[in-house]
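So the structure is just underneath, and the comments pick up after that.
A, B and C label the chains in the order they appear, each numbered from 1.
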Amino acid sequence: MTTLGVTRTTLLKDLRMEWRSKDAINSMLFFALLVVVIFSFAFNPTAEESRRIAGGLIWVAFLFAAVVALNQTWARELRNQVLDAYRVSPAPPNALFLAKAIGNFFFVVVLEALMAPLFVVFYDLRSVGPVWQLIVVALLGTWALVVNGTFFAALSIRTRSREIMLPLILFPISIPALLAMVDATTSILTGEASPDFWIKMLAVYDVVFTAVCLLLFESVLNAE
Amino acid sequence: MKFFGRFAAIRGISGSFAPGRLYVVLGDNGAGKSTLLRMVAGLMEPSQGTFTLLGTNNHREVAHRVGYMGHAPLLYDELSGMENLRYFAGLYGLNDDDVCRKAMQMVGLDPDLSRRIGQYSQGMRQRLSLARAVLHDPELILLDEPFSNVDMHSAREMAAVLGRIRDKGKTIFVVTHQAALMEGVADEFVHMAAGQVVAREEVVRKAAIPNAEWTPR
Amino acid sequence: MKSLFIAFVVFTLGLLAFSTYQALFVAPTEQTMGEVQRIFYYHVPSAWTAGVCFFVNFLASVVYLWKRNLASDALAAASAEVGVTFCTIVLITGPIWARPVWGIWWTWDARLTTTLVLWLIYVSYLVLRRFSAGGQTQVLAAALAIFGFVDVPIVYMSIRWFRTQHPSPVMGGGENSGLDPAMLHAFFWNLLAFTCVGIVLMAVRYRLQMLEETVEATHAAAALQGGAQ
């Protein structure tokens, strides 16, 4: 019953449950698609312009879609108060956090993989810079959003108006990460600048906030 | 002491409870029974004062020796009975399917039933919740309203199961409104009101095996 | 204790009056910007005071998570509110100053954007406090406060970098550089005055919060005696 073991068991359980209901994935996908379509109407760029704004559009769409998933994963634990069963057990709280965060990460990455081709099609995107850099930015950026998002979702699930609470507290703190993701993506797509600083910054952000989350999660879980 | 806003749910409980006995906690709504149970289970910290369980303040140290069955099912609707139990067993470090099967059989459920428990009847769900609480063979078992909305047959079976568990030397606390159900198996009725224990009643059971360790209070 | 506090309040009011006099009358008029520049004496000290408040909030939150005592939570609540107030003043006085002087209300440079993000973070903190239930509020809020504070330097650095990549009109370049000594004088008086005002407000708000908690506790104790619910 090590942290790793519990994380693995919980993650597998969550994945199995998600596979059966497909709640989170479906709502995320549909929402992201809607956002893409609406943005296409709102901003109607030429191919050249689209490379400049695509970074921003993509990440805003993913951000909103991710928030949908983040609320869902904790909602599952509150039904039937099943979270109590976890808290009563000797399982370490951080294992639960990691399992949820990794699960969320997985869902959002799957979402991104499915949505990316759509973006390429709608905006006629062709990247000037190397694609592997885009992938690195996507992975680091997604973890930045998801790690804080999972933590704040656990916070906000106990408040009134929980649906609005999560974006309200998540967005301000995520601003540097968002800025990094958007600017890095734009730099790579247009090939006009090096995303190196942003990638380093995202890595620092990820490390700092993962540590803070792990330090504070137990207090938040047991607040009653 | 435990305060909820302005409301003192628990005000100073002291007293000793002997191991290996089945205590039934009774009282009106708002007497603090559920709160007390949650504190013993480690789900709540006292607002004032300290709480010691099995010799320690740190709940996580002794968590594997405590089992808790809440008012709500504490189970995942989307999974089957065995899947639920396997997961919770994993939290206690038990990776043995056999333990889960035996637990289900003990409460009278079929381990091979692959139906999601969301489709179980209330009686079946409560039984599975009990199985989950005792899966890891805890010394101390806490049950909060285990018989609520449960059919008579399931309730009687569950009461009998609790008696059998107590006979193996485990300590059990049951919070319930249905005292009559527990008369056959209880050792003591503990009455609570307004956050305190107000009375304790020994139950003279027509026990098949007289228990020489009883001490009159 | 109380008379000491009242003395301090009187002192602060006096200080504020003096520093206002300094700012509005004594300090010389800036040669390029004109009278409008005097906002500087309110703008920068407010920013400083807000920073102090948020730092106090961070410390109080850490102490709360460690000690779980009511006083540190009350201080956290108080300092956040006062901090947001001063931060709002900064965000309002800034554009008022900028418009006549540089012709634009706002720009997304590092300092301004960081202040805005700071404001957003602590407003979200206050919203969380409002919307969460009962005993959990303190713990949840304390956790959020720590996140917020840790984030601020990261915000600043990232926007600095963003702005070196995409330069934009620089505002306020020279607020503190080459300040006329007479102006520096007025500036420091105001800095001191605003800090004192901040302390007074935090103290009052803290006391208010503690009083509220004491009332709650007294009711609870009464319930204890009477056995009534």
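By definition in this document, contacts are C-beta pairs under 8 Å (C-beta built on N, C-alpha and C of every residue); 3 or more make two chains touch, one makes a residue touch a chain.
Nothing here was measured: the structure is a model prediction, and the numbers come from that model.
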- [ ] Grab the C-alpha centre of each chain and report whichever is closest to the global C-alpha centre.
- [x] A
Open item on the list: Centre to centre, using CA atoms, which chain is the farthest one from chain A?
Closed with: B
Open item on the list: How many angstrom lie between the centres of chain A and chain B, each centre taken as the mean Cα position?
Closed with: 39
Task: Inter-centroid spacing, chain C versus chain A (mean Cα positions, whole Å) - done: 31
Open item on the list: With centres defined as the mean C-alpha position, give me the chain B-chain C separation in Å.
Closed with: 50
TODO: Note the residues in chain B that touch 2 or more other chains, in rising order.
DONE: none
Task: Sequence positions of chain C contacting 2 or more other chains - done: 135
Open item on the list: For chain A, give me the residues that contact two or more of the other chains.
Closed with: 224
Task: Residues of chain A touching chain C in the complex - done: 148, 151-152, 155-156, 158-161, 165, 168-169, 171-173, 175-176, 179-180, 183, 187, 193, 197-198, 201, 204-205, 208-209, 212, 216, 219-220, 223-224
Task: For the chain C and chain A complex, residues of the former touching the latter - done: 65, 117, 120-121, 124-125, 127-128, 131-133, 135-136, 139-140, 142-144, 146-148, 150-151, 154-155, 157-159, 161-162, 165
Task: chain B partner contacts - residues on chain A that touch it in the complex - done: 1, 5-6, 9-10, 13, 16-17, 20-21, 76, 79-82, 84-92, 222, 224
- [ ] Would you pull the chain B residues touching chain A in the complex into a rising list?
- [x] 38, 41-45, 60, 63-64, 66-68, 70-79, 83, 87-88, 90-93, 132
